[in-house]
Amino acid sequence: MRPSGRDLSEMRAVSIETGFTKHAEGSCLIKVGATHVLCTATIEDRVPPFIKGSGLGWVTAEYGMLPRATNTRMRREAAAGKQGGRTVEIQRLIGRALRAGVDRVALGERQITVDCDVLQADGGTRCASITGGWVALRLAVNKLMKAGDVISDPLVDPVAAVSCGIYAGQPVLDLDYPEDSEAGVDGNFIMTGSGKLIEVQMSAEGSVFSRDQMNKLMDLAEKGVGELVSAQQAAT
Amino acid sequence: MRPSGRDLSEMRAVSIETGFTKHAEGSCLIKVGATHVLCTATIEDRVPPFIKGSGLGWVTAEYGMLPRATNTRMRREAAAGKQGGRTVEIQRLIGRALRAGVDRVALGERQITVDCDVLQADGGTRCASITGGWVALRLAVNKLMKAGDVISDPLVDPVAAVSCGIYAGQPVLDLDYPEDSEAGVDGNFIMTGSGKLIEVQMSAEGSVFSRDQMNKLMDLAEKGVGELVSAQQAAT
Amino acid sequence: MRPSGRDLSEMRAVSIETGFTKHAEGSCLIKVGATHVLCTATIEDRVPPFIKGSGLGWVTAEYGMLPRATNTRMRREAAAGKQGGRTVEIQRLIGRALRAGVDRVALGERQITVDCDVLQADGGTRCASITGGWVALRLAVNKLMKAGDVISDPLVDPVAAVSCGIYAGQPVLDLDYPEDSEAGVDGNFIMTGSGKLIEVQMSAEGSVFSRDQMNKLMDLAEKGVGELVSAQQAAT
Amino acid sequence: MRPSGRDLSEMRAVSIETGFTKHAEGSCLIKVGATHVLCTATIEDRVPPFIKGSGLGWVTAEYGMLPRATNTRMRREAAAGKQGGRTVEIQRLIGRALRAGVDRVALGERQITVDCDVLQADGGTRCASITGGWVALRLAVNKLMKAGDVISDPLVDPVAAVSCGIYAGQPVLDLDYPEDSEAGVDGNFIMTGSGKLIEVQMSAEGSVFSRDQMNKLMDLAEKGVGELVSAQQAAT
Amino acid sequence: MRPSGRDLSEMRAVSIETGFTKHAEGSCLIKVGATHVLCTATIEDRVPPFIKGSGLGWVTAEYGMLPRATNTRMRREAAAGKQGGRTVEIQRLIGRALRAGVDRVALGERQITVDCDVLQADGGTRCASITGGWVALRLAVNKLMKAGDVISDPLVDPVAAVSCGIYAGQPVLDLDYPEDSEAGVDGNFIMTGSGKLIEVQMSAEGSVFSRDQMNKLMDLAEKGVGELVSAQQAAT
Amino acid sequence: MRPSGRDLSEMRAVSIETGFTKHAEGSCLIKVGATHVLCTATIEDRVPPFIKGSGLGWVTAEYGMLPRATNTRMRREAAAGKQGGRTVEIQRLIGRALRAGVDRVALGERQITVDCDVLQADGGTRCASITGGWVALRLAVNKLMKAGDVISDPLVDPVAAVSCGIYAGQPVLDLDYPEDSEAGVDGNFIMTGSGKLIEVQMSAEGSVFSRDQMNKLMDLAEKGVGELVSAQQAAT
């Protein structure tokens, strides 16, 4: 029934290639099916003004899509002169999600910027960015710990994300683009390795949903995030 | 226990003054406690390019805050030269929420723009904007129907929104600013008059939450939205 | 002869509601007929770089119009990415006008920003902004004096403004929108409570005028400003 | 008493060199003392959308200052990414002023853009731009008439402008920069060759003025504009 | 003598992986040493306004660098709100270079946009973009030919580019970043497979050079481009 | 054979009027045929952040064109809200070129900004800007030396530039606009008074060229630059 032939509760194939670029303190190329995102983590010895002197660290994220990551070429945001509303919304989400797994006291007064750039898109780019972004963050923090710059591990619980939705009347796990563009209801579920919730966003475009449907999507999401966290651990 | 002395499941006082401005096809000033939002609905005989010729209508929203709606003066976005990320995120949410209650075929090929401008802020401005925005939309559509420009009512199910969160360890309904700035977990719940869900956004900043907590917030939200829909109906 | 039935030298009804919003140090909603402007005054303990260390204070203004303050919806300036030429011109004028009534030595090295946001427009928004802006400024300065932060009153002479023009060949006081859009000559007259001139702007669009006509408009303006200053004093 | 040694009612030397650049349909370099402005007029067979199909013509203006036209280098507006408030205000004024002397029916449905670029500034640049801009316009319209593209002369009454102000307590004509930066009150007076008023802008910065003073400045302005119109006629 | 141990006239290792992304009509990941650029070619059935209706095709290019492609993180241009001067200069160069190898009549009235996004930078990114961009263009045109949309091959002579410079007093081929940042003189040489010149840019920063040195760099460039063209042909 | 009737190796008439504006530390109006550029040099006691404290000076340039410097009016860049790609490319070139002739240690920690504004364009504006910009720089540095602010002359070798190209199959010196718009190959050659090369940019648009042609253009350029350096020396 799914265009890809997957079962309702089946994830796409996930691969995470660490060290994809050499300059960043942490980097990986995450592939969730045909969605490919390059994630890099940059450590800087400065924090945003609003926490200067607090002793707390900060984790933030930026998101972008190459113009031809999609089926039709999109206008380059740098050429358009600003980031679109969707981009801004996604990068704020990624930053919030990653911070939920971080002990900012243990991190100390430094900032880690996670850049997520979509090289190829096939649905679920924000979730792949969070999952891959955590890996880049993990690798960067490993460097800090190895160098003795931080003592106790500031990454307290891994963070991963998956989308679920109602496709052709059925709750399905990990929407790809053909499903995503048809689904009347979809959601992004960001959770920790220990099964806690960080952020739940469920949304109906031109449709509505019930609490019962919501609970079924939650069940699928828990399964998916479990598999993603295993993939993260295998990679790092 | 709540700074305002309200019960855990008690909304702030809600008032809706319709016809607050005279030029718009529909307008109201909604007050949810000390949060005051001026909502106007504008009807135009044009639609965005991507639906031109489809026979479908469109509902969109814009959101703004006056510089001194808040305790400290914020920079005027027009002077800054762009809408901030938070503004963009909120106005996209309002538009999606309102469209969920609209039969776009019945509306016909026209656009209604709902402007939500916060005159005074005390937490929950996006929810008040959705609830008040629906009233402005209702009034504007009434004009279309009275004039015979649309035949069957395109507003199929009223839309309202409320925030809930975990404050001092307790699930509470309708966060005001002092609660909102302390709550580790909060959510926005957008529902219809008939009890269906349109959008659920639950988010933890520097914290996590369980499915059990999520369910308790859902219960509170259902109560709150019920009261808001009654207020909408009384006003229109 | 006037669309509103007013006499040639008759102002529209004026009302000033103080304390319209709660966060600002001073605020009012001024209504001059169907022109409604929300004015707030914000006190900050910083001044622009060019007077830092001089001991002098500064008063500045910003102006905006809600998108549907007018008969046809205007594009939101924040969305357009910049303030239009008309907006910039008006807010510079408001700032200059208010400063003319202020003893900047007595004010001390602090800045007061007056925000004038038009909720509903029916001609004369810049004049209403100046008249209402002075009231917001007065209320904010009262707070400073009550707190003992300034000793002698820095507001030396009240400032108010009115428009006059040649409509259907006749000099008329306080143009409303139907008159303003037809008048070949119009002017804005900013004066003090003691009858001094601060700024006179008379302009013909596709027309010219004589010194004699100019003098008649001046006479009307003196009458109008007198009434506005009385309304200011009654309100504060 | 004046820094330049001029009499109270004495203009600076005025020269107008026509044909200063070769591409424009009309051009001149106007020098009013040490204020030098290059004015060009461009004819285009298109009009702004709001008058398309009306048969009426349009005259508009743009204004700029070279970065080192002034004593201290100013930031280039193109590099800053926008025209400043002062620039926008001035170019709107120039356009309005020139249109007052034009019969837009006789001009026919075409647009003339007058560019005024200040090569060297010493006070009064907006007035010199209007006076010189009229000359460029005159030359461009002459070409249209010679080619038979317009039949009756659309330039019905020459337009010129001068500044006056209260300097050291005395009303003086044609302020140069040292006077302008000290004057508590100054004004720009735009008039026609036949002595009619187009625009009067009198403004006090940190000061006030009386109707009597205003009348004295008007007298000076009438004298100055008379001399400027003679210079325009001699040049064209 | 070279930091990498290469001979003076030795290129870095070159690899070209075609089909790196699936949506674009042509794509490759080119690696010149540690410089990695993702190149995609997009075909669109529209041309820029200035050639509409001419029957001629157009090839244009855009260039970008991921924020952490470099040793220190650079600000994302989309976030900065504009493309920097360096970016604009490079993408104009890439477009001009590629067009030199194209028969625009044979291409027909369509546009091909080549996007070059640097995933990892180590000197010579603009040259790698041109060399890889040609491969993406070749693959896209192959599709057009296979589909019968173009009859005769519009790619008349392959285009490739290499940098050379004076490093430590010696002319060297294919500068990497450590050399590039030290070289007083460097140049970019864009040539065709048949040995013709398209563009030569030699530049001294804080230095000068002689015609003799220029000739030596030209000799090196001819060798390098020959090898790059072989790599292009092997890949396509 | 040339539209202007000039010999293949003949420059246009060159004139340099120094002191064209009075505020700048150095200024000239350079005319190369009908190309007229106003160049000013501004000295400031500050340097860009990246060399602060280094003891080195900096020379930078900005370039602009008046809207009607060209045959058809171009949009004003300040109104468009940004400098176009061509402008950015040219001003970076001018800055690099001038710096090549400057001993930045001798200049000391100060910045000289050279503004080149094209009043009238007829081809070769960037070359005229460099040649005239050097004169403005020379005059400004003369002031510094006269005042004893710099001891040894920081201008070590004069810098000038000329364009050459293949027009109608023939190498020609100093392209004017009619030639420039037809030439398949053109180049800009920036050299010093002592015959050294600073920058060579040769480019074919829709064409290619050989090393032999390149050498012939180099020969012409050496002749032209020699004449320009003589004109510079005569003027200063």
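Which chain is which? They are A, B, C, D, E and F, in the order written, and residues in each are numbered from 1.
The rule is simple: a contact is a pair of C-beta atoms (placed from the backbone, for glycine too) under 8 Å apart; a residue touches a chain by one contact, two chains touch by 3 or more.
If you're wondering where the values come from, they're calculated on a predicted model, not measured in any experiment.
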item	value
Number of hops, chain B to chain D, where each hop joins two touching chains	2
Chain labels contacting chain A and also chain C	B
Which listed pair, B-C, C-D or D-F, duplicates the contacts of E-F in over half of its pairs	C-D
Where chain A and chain E are represented by their mean Cα positions, the distance between them in whole Å	33
Distance between the centres, which are taken as Cα means, of chain B and chain A, whole angstrom	28
Between chain A and chain D, centroid-to-centroid distance (C-alpha), Å	59
Residue numbers of chain D (touch at least two other chains)	81-82
Traversal of the chain ring from chain B via chain C	B, C, D, F, E, A
Chain F-facing residues of chain D, complex	20-24, 27, 34, 36, 38, 40, 42, 44, 62, 64, 66-71, 73, 76-83, 87, 113, 115, 117, 119-121
Residues on chain D engaged by chain C in the complex (per definition of touch)	82, 85, 88-89, 92, 96, 99-100, 104, 157, 187, 192, 196-211, 214, 218
